[in-house]
Structure formats: C-alpha cells, structure tokens
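Across the two complexes that follow, chain A remains constant while its partner is chain B and subsequently chain C.
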Partner chain A sequence: MRKRSIVPIVYILFLMLPIYWLVTMSFKTTNEILGGFTPWPQSFTLDNYRKIFNDPTWYMGYVASIEYVAINTVLSVAVALPAAYAFSRYRFLGDKHMFFWLLTNRMAPAAVFALPFYQLYSAVGLFDTPWAVALSHTLFNIPLAVWILEGFMSGVPKELDETAYVDGYSFPRFFIKIFIPTIAAGIGVACFFCFMFSWVEMLLAKTLTAVAAKPIAALMTKTASTSGYELGLLAAAGTLTLIPGAVVIYFVRNYIAKGFALGRV
Partner chain B sequence: MTLELKNVTKSVDGAVHIHETNLTLEEGTFNVLLGTTLSGKTTLMQLMAGLDKPSTGEIWFNGKNVTGVSVQKRNVSMVYQQFINYPHFTVYENIASPLRVAGADAKTIDARVQSVAELLRLKPMLGRKPAELSGGQQQRTAMARALVKDSDMILLDEPLANLDYKLREEMRDELPRLFADRHCTVIYATTEPTEALLFGGHTATLHEGRVTQFGPTGEIYRKPSDLISAQVFSDPPLNTATVMKRGNEVMLGPNISWYANDAARDLPDGDYLLGIRAHHITPFQQTPDAVAIEGHVLVAELSGSESVLHVDLNGTTWISQSHGVHPFEVGSTARLYVDVARGFLFDRANRLVGGLA
Partner chain C sequence: MNKTVNQKAWFLVLPVFLFVAFNAIIPLMTVVNYSVQETFGNNIFSWSGVQWFQDTLQSDRFHASLGRQLMFTAIILAIEIPLGLAIALAMPRKGPWVSVCLVLMALPLLIPWNVVGSMWNVFALPEIGLMGRGLNALGFDFNYTRQPGDAWFTIVLMDVWHWTSLVVLLCYAGLVAIPNDYYQAAKIDGASAWAVFRFIQLPKLKRVLTIAILLRFMDSFMIYTEVQVLTGGGPGSSTTFLSIDLFKVALGQFDLGPAGAMSIIYFLIILAMSWVFYTLMMRNEAK
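Our next item is the complex of A and B:
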C-alpha cells in the first residue's frame, strides 16, 4: 500500500512545485528573490499583498476581470440554455451540421478575431468596457456551453418533459421549475467552463481594454516592464489570480469530468 | 369519457408510424394496447394524450373534437415504462405537483396526496427524493402522481416492464384495484399477452402501426380476426402450418390427416393455414381427437412445473408448452399430440375462417 502511493505523491509534488514557488515568492521581498536560492521566505513579508489591496490600479484589475467574467458567464449560459434545449429535443433542417459548426468556432485562434473586434468595438463605443471583453468571449463560450448543456439535457429522458406537460405545466413553467433544477449540475459545469476560459484568456482581454477595464492578467505583464523587477508583487498578484478558479473548481469538483466529456458520459 | 379516434394517421418524415385507425374507447373501461415493440403503442398513446398531433384524422373526447387541444388542457395522466419523477422534488411534492399546477389549495392538496400515498403504500417515503427509492417505489410514485388528480383518462405505457418479476406480479394484482372506484378510461400498453388476459377489459392488438383487432379481451383471444392478431396475442409464438382440406379430411403433409370439425367442414376445399397455440400441443394425449406428430427435439426447457419443447417436423418448428415435467433429450424423437380442434384456420388472405379455441 505504502509503496504504491509513492508514485502519485511524487507526481503531485512535481505538479505543485511551480505553485509552491509562486506562493513562497509572494511572501518574499524582491531582494531575497533576486539574492539567491531560498526554499522558503527568510524574511516573511505581507507587503506585496498590502500593496495590491491598497493600490486601485492593482485591485481594480481584479474587479475588471471578475466583472467581464461574470457578465460573460451569465450571458453565455443564458443564451446556451434554450439553444441546447432545441438541439437536444427537436429535429430540424441542418441541426447536426449547425451543432458541429458551433464547435468549429472554438478552433480559430483568438488572434484572428482581435483586429475585427478592436475595430468594431471602437466604432460602437464599447472599447475599454467589461462588455467588450465579455461579448468577445461569448464567441468561444456559447458554443462550449451549448455542447456541455446539450449533453446533460440529452441525459434527461424526454418523457420527463411529457410528464410535466401531462401534469399541466406550461413550457416556461416546466423549463424553470422542473428542467433547470434537473440539469443543475450541467449548468454548474457549463458556468465553470465559461468562467475558466474567460478568466485565463488574455489576448482579447488585453487588446480590447486600455485603462478603465484593464484585467489583472494584462496588468501583471505591464508591471513587469514599467516598474522594473517587482517580482514579489507579481507573485502576490499571481497567487490572488489563482484563488477564484480554485473556489469555483471546489463547487463543481464532482461534475468536472463529465464536463470535459461535454456532458456525454 | 368516450375517446374516439376517427381516421387517425401519423407519419413522420414520410414514414408511416400509425396507419388509418378508428377506435372508440368507452368511459370507465380498461383498455389494453397489445403489440410488440415498435408496433406503435407509444405513438398511439401520445396521440390519445395530445402530446403529439395526428397527421390526418380527428380525436374526439366526450363528443368534442380535441384534435388541436394541448395536453395541458385535456386532463389526462400518464405513466411511462421508465420511472419518471421530478428528481429534485420529494415524493410528496412529486405527487402534489399536478394539483399545485392546477392551483388547488393547500388543504385539498394535502388530503389528496395523503390518500393516494396510503393507497400506494408510499406514506413512509413521502419525505424522500425519488433517487432514494427502489424501482418499485419510484414507479408507485409516478402512479400516485397520475392518480392524484381526477383525470378523465389514464395512459399507462408498459408501466411494469422495468420492474423485476416479483414486483411486477405484485403490481399486476394491485392495478385493477387502483382503478376500481374511478370512472376514468384506462389505457394500458403492454407487450405481454398474459397481462392483457389478466386485466380483462378490452384489447386492441397492434401490429406495425395498425390496429388489427379491437374488442373484449377474451373474445379477441378466442376469436382473432386474422393471423396477425392471433400472433400478437400469443406467447409463446403461435404455431402455424399449411394444411390441405379435401372433403371431410384435413391433411398436414402426406401422412398426417384428421377429420374436419364442424367449423371446418363447410369450408371449400383448398389450402389453409393452421394456427395453434403452444399449450394445445402436449407430449401426452389430452383429448381423443388429438393428432399425433413426431419430430426431432430442438429445444427442451423445464421451468418449474412447465415444459417447453421445440420440435422440428419436416422443416417446420412446433412449440409445445405443457404442465408437468416432461424431460426430452435434445436430438431425440418426440411424439406430440396436437389438439387440432382448438386450432384456427386462416385463408390465403390470413383471415380467420374456421376453428374453435
């Protein structure tokens, strides 16, 4: 038993090493980081975190990120729910092709869309707002959410719909009171994936914002170039960036595998 | 609550699912739709319930045309083969939901739910979620939800098919009791002839989207109008063989013949198809009129107190089902007694022309 657990333990330690290094760096001073190899902080400091929480240019980066990620997640899932229902329950002309075409939207690199989005949002006055980033991310996230939700919905027998109608439920009432709670796990997983892709995406987020809605990921790279080597500060910002993802993963941990299989397990 | 199907058909993408059907189900009767899988039982039920619209034809309910009326406004209930319950509701909420939607007051709801739960022995489970129940309890919850409102029509689509043997027997006994003091029309779909016989009432035999016969169950069983109805209403499958009638004699092959009985005597001479149920072929002589045949044993099954034999005679397989233990070696020669007086005779168009059962 003990022998067998060595391999996974070593593997997990290996995986955790960069995260450990990031977290320890965030509690070190920049001088110590540059000074030499220290496995844990010699002069433990919370200054890096203090700076982030007191400087609006830093913490507003988090606010901006959370803002567009939240808008994007709500928007993507709200639009994907009826679409996924239609794909799962009805047959219509070209439904299979359209369903596949949705997924092909994910195959284009984000850089392709950076220029048209930049020009378009500048023209309509959305540039440098959370909405610009949120809307551009729906291009990738709605197809994904539709695929995930369709998988979960197809796992619900259509007899459930029929039973509800027989019981007297109208369609909207059935959808909200019966269907959505039935696929709650699927909605959670779809939200998580939308959150994750929007949270880690940087190219569009960086291109479509300037000052007001600059996301944290973009701020981190900018600071590296302007204010020299403030490595401790960057490490603290990085650590804080990991937290929302970890929190969301905790809530959907039991369903993530099914989500990666696009609900088809 | 008379339900009438008038010239109803249903096709999807050019494929005919239901051929032209005329059917009248009287108020307060128990009706069985009997047919194999894919015979159109479920489609027919969806049309009856209003979950689907017929391609042509009309559906009348109590003298009113309800063809375009949505299912929500029809006051019907339905129970499926799969155990369909609302997973996030408790058993109580599940049963109460049709009344909640209809806007009944809390007192009425509680009284009705409690009485139905009592009837279906669900009282101790009312606080649980469907996933925490056994299969039988889940199906009883679905049944309770169907019974809680005063439906004009209750549709049961193979409700016992997914239950294990013992529960199925148990619920078979319970079912007629549940509908005893209601005046709703019950429609029960099943693939098993035994269930139809057990419930009595009326039976419609279905085959490939066509209602081949409809009438009181016993009558359909004893006097199927054609070969297909007889085959649908036969388990194990109906034995069939071509026979030749010459004068007073009926011949099966060159060596086997018997005297035509009253029903067959008046038929014109010619070829007929003999259909005979497995339990009218036995390895022992039941009546003096029985005709003996001999063939090779292909299959010999003993299940408890019953013996099933498959015997090959000149390329035709005869199935015998009899009480008692009658062991035979596979490959050996068996002598079977065919009670030909109990057989059906079908003409070339497969219509019943003679025979008693």
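Our next item is the complex of A and C:
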C-alpha cells in the first residue's frame, strides 16, 4: 500500500509545479522575473495585486466574469430541470434523437461558432453584455445539465412520483416540494459543471465582448500586448482566477467524479 | 426503468429545445450559407455551389492541419487514458487523504483555458521559466518558441497536465463503485493482482472509460485557446491544429466561404466519431 501511494503523490507534485511557478511570479517584480532565474521571490512584493485591486478595468473584469457565469448557471439548470425529468420518466416522439442532438452541441467546436455568434448577438443588440456570453454558453451547458440531471433523476425510483400523485399532488407542486429536494445533490453537481465550463471557456467569451463585459482572464492578453510584457501582473491576475475554482471544488469534492460521468457511474 | 409514453412531455423539453435551437441552428445556418457562396465584400454574395468544399478537401493546408489534429488527439489519448487509469488504481480508497487528492487533482480543470496557456507559456520559457530553465540545465537544448519538436512536447505535456485528472476522477468513481464482495471472491480464488484488474476492474470500468475517451476525444479535437496562447500555432505552422487554422481563415483573412466549408467538414468529423463512441456507450448501458 505504501509503495503505491507514490504514484498519486508524484502526479500531484507534477500538477502543482506550474501553479507554484505562477503564484511565485505574482509576488515578484517584473525586473526580477525578466532579470534571470530565481526559484522564489527575492524581493517579495504585493504591488501586482495592489494594481489589480485599484484599477477598475481590472477588477471589473472579475465582476463581468462572475456575472455571466452566474446568469448562465441559473438559466441552464432552470431550463434543464423539466427537460431532464421528461427524458428520465417518459417516452415521447423523437426523444432519443433529441437526446443525441443535445449531445452534439456539446461537441460543437467554439471556433466554428465564434463568427456566427458574433453576428447573431450583434444583430439582437446583446453584444458586449454579460447576457451575450451567458446565452452563448448555454449552447454546451444546457445539454450538459440535461445529461447530468437525467443521470441523477434516473436513480430516483418512479414509485416516488406515483405515490405523490396518489396523494393528490399536482405536477408542479410535486416537482418543487418533493422532487427537487430529492435530487438536490444532482442539482448541485449540475450547477458546478455549468459554472466550471462557463468559467473556463474563453474563445466565445472573448469574441462576444469588447470593453464593458470583458472577462478577467481575457484581460490578461491585454497586459501581454499593450503595456509591455508585465509578467508579474499577468501572474497575479492568473493566480486570482484560480481562487473561485478552488472554492467550488471544495464544496462538490465528493460528487465531482459522478458528475463527470454525467451521473452515470 | 420502464418509461410511459407521454407526448405531453414535449412541453417540458420545449424550453431547452428553443434555447439550443436559437444557439445552434441559426449560427449553423449562417455557416452553411457562407459555405456555398462567394463574396467580394459589401454584402454581395453569389452562389458558388460546392466549390469551397472541393477546394478545402483538396487543399494541402487543410490536410496538414487535419493530420496534426489527428496526431495530437491520438498522442494525448494514448498517454492520458492509461496514465489516468494507473493513477486511479493507485489512489487510496478511503481515509482523509482521498478528499485532499480529489480537490488537488481537480484544480487544473477549473482554470480558465487562456490562463492555462499563459501559465505554461511562462513556465516553459527557456531563460526564465522553471521548466525551460530546468530542462536546459539538465543538458537538453529546449526552446519551444523555435523548435517544432519542443513545441509539440510542451503542448502535449500541458494537455496531460490539464486533463489527465478528468480520466483519474472518472476511473476512480468507477473503481469505488465496485462492491467489495468481488475482491473477496478473487482473494479466495487466489487471483493475482493482474487477474483482478483484467477480469474484475477493467470490465466494471468499461462504461466510465468510454465516457472518458468520448470526452477527451471531443475536447482535444476542439482545442483552441490553450494552444493559441502557448504557441500561437507556431513555430511556423507546426502546431496549427484545425481550430487554429479555421480561426485564421475566418477572422484573420475573412475568407468566409472557405471558413464555412471548413467548419462544416470539421463539425461532421467530430459528429461522426462521437456518434461511434455514443453508440458504444449506449450499448454498454443497455446491457
């Protein structure tokens, strides 16, 4: 048993190395970074972080990111819930085709959709708003949420529904009062995955925003190009984007794997 | 679960259908539209039939980026699937360390993709990055901005870093779901560790492995942001994968016709391959 645990330890060390490098760089001055190789900060500085928190164009990037991720998560899960119920409980015309069609949207390369999305959202007047990004991310998040929720719902015995109907519950009341609390874990997992994929996706987020709704991670490209090569600032901004992910993982740690298996383990 | 036939269930699916249709069908129609027309700007379009499709399918540039794409996907599947499985097998099944392991392993999955790219960009820089500097100190002549081989190595390593955890998490979930009785029965029979793996664990993991391969196939075939930020498709065009090439054609040169045709061919390839995996998965599920 002892010997075997070497493998995960080595793997985790490998995972942590680039992260370590990013975090140490964020505490270095640009001169130190470009001046040569130092394994840890020689002159420890918080200037990079100070700059981010004092400049609205930077910290508003965070607000924009959180905004569209939140809109997307709520929207995706809300419309996916009834659909997933339908797929898990009923057979209807075209159900299997519809289910596969949904999955195909999870496969759609963002590069294919970027230009048409730009035109579509400009045409409806949503360009450069969090709504454009949130709506465009529903393309892959709604199918994902439907899949995950369907997996969890299929694990709930049908007798639960039938008993409730016999007891005189109407469908909406049953759904809200009984069914949703029963699959709360599944909803949590679906939210997590919507959060995750909306948070990490950058191609569409970048294409659909200009100034007002630019996500934080996309601002990093700006530092790299316009204001010289400010690696320290870049690293600090990157480090800050790790935090929301780390926080949400902690809450769903016991369900992550089940969610990745689309609720089908 | 046996399901009842109920056509009214369509009303429950309708919102999803509308959202996805708005997002998927309108843009796809735009792409189809471009792919069969010629444009000289000023919104003047003329019919060009299957011209762009022929051009794309015969162009050396498309063949080259498709080849690179297939090669990349094959390499990362060949590394990530066995590696992920091995790590999952070596992980502890219970105890306080499990949560720590899972949280740390999932961390790379939640980093915005362009941050992943920039992170590896500086990490691998030959003069100031930990990895680049380290490799050069060990006597390798490593410079990913100049040598195509090194660029490939860095991209593959980055993808392994980024996504192997997904395979680990899936396999781990599958392994935990195997009832203890199986292992006890194997112990009584005096089965070797290999036999346990081959005849108990592997068959039980079939479903999660199919999902892992499906997800890794799709996502590696669509990879854009990380590579774009890390190497920008270079040096030369040695790491220009399909999405990067497509983006260059569509937004760099505004060649909408060829870009449209390329998009459709690209999408059809992913669709066909995924359909194969999906059918396999559903067949497993039916059993």
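Assume the second predicted complex is superposed on the first by the 258 of 265 C-alpha atoms of A that agree within 3 Å, B and C clash if a C-alpha of one lies under 4 Å from a C-alpha of the other, contacts with A are read in each partner's own complex, and residues count from 1 in each chain.
In this text, a contact is a pair of C-beta atoms (placed from the backbone, for glycine too) under 8 Å apart; a residue touches a chain by one contact, two chains touch by 3 or more.
Predicted, not measured: the structure shown is a model, and the values here were computed from it.
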**Item:** Which of chain B and chain C A:Val133 touches, first, second, both or neither
**Value:** neither
**Fill in**
Between chain B and chain C, the one with more contact residues on chain A is chain C
**Prompt:** Given the touch rule stated above, what does A:Leu208 touch, chain B (first), chain C (second), both, or neither?
**Reply:** neither
**Prompt:** Looking at the overlay, what does A:Ile178 touch: chain B (first), chain C (second), both, or neither?
**Reply:** first
**Prompt:** Touch check for A:Ala108: first (chain B), second (chain C), both, or neither?
**Reply:** second
**Message:** By the touch definition at the top of the document, which applies to A:Ile187: first (chain B), second (chain C), both, or neither?
**Reply:** neither
**Request:** Could you tell me if A:Leu219 is touching chain B, chain C, both of them or neither one (first, second, both, neither)?
**Result:** neither
**Message:** Please output the residues of chain A touching chain B within their complex, sorted ascending.
**Reply:** 157, 159-160, 162-170, 173, 178, 181-182, 184
**Asked** Within the complex, which stretch of chain A touches chain C?
**Response** 1, 4-8, 11-12, 14-22, 25, 33-34, 36-37, 39, 75, 79-80, 82-83, 85-93, 95, 98, 100-117, 119-120, 135-136, 138-139, 142-143, 146, 154, 158, 196, 199-203, 206, 215, 217-218, 220-221, 224, 231, 234-235, 238, 241-242, 244-246, 248-250, 253-254, 256-258, 260-262, 264-265
**Request:** Using the touch rule from the top, collect the residues of chain C that touch chain A in their complex.
**Result:** 1, 3-10, 12-13, 15-17, 19-20, 22-24, 26-28, 30-31, 86-87, 90-92, 99, 101-115, 118-120, 122-123, 127-131, 133, 161, 164-166, 168-170, 172-174, 176-177, 207-208, 211, 215, 218, 221-222, 224-225, 229, 242-244, 246-247, 250-251, 256, 259, 263, 266-267, 270-271, 274-275, 278, 285
**Message:** Which stretch or stretches of chain B touch chain A in the complex?
**Reply:** 46, 49, 51, 70-72, 76-78, 80, 82, 84, 86-88, 97-98, 101-102, 142, 145
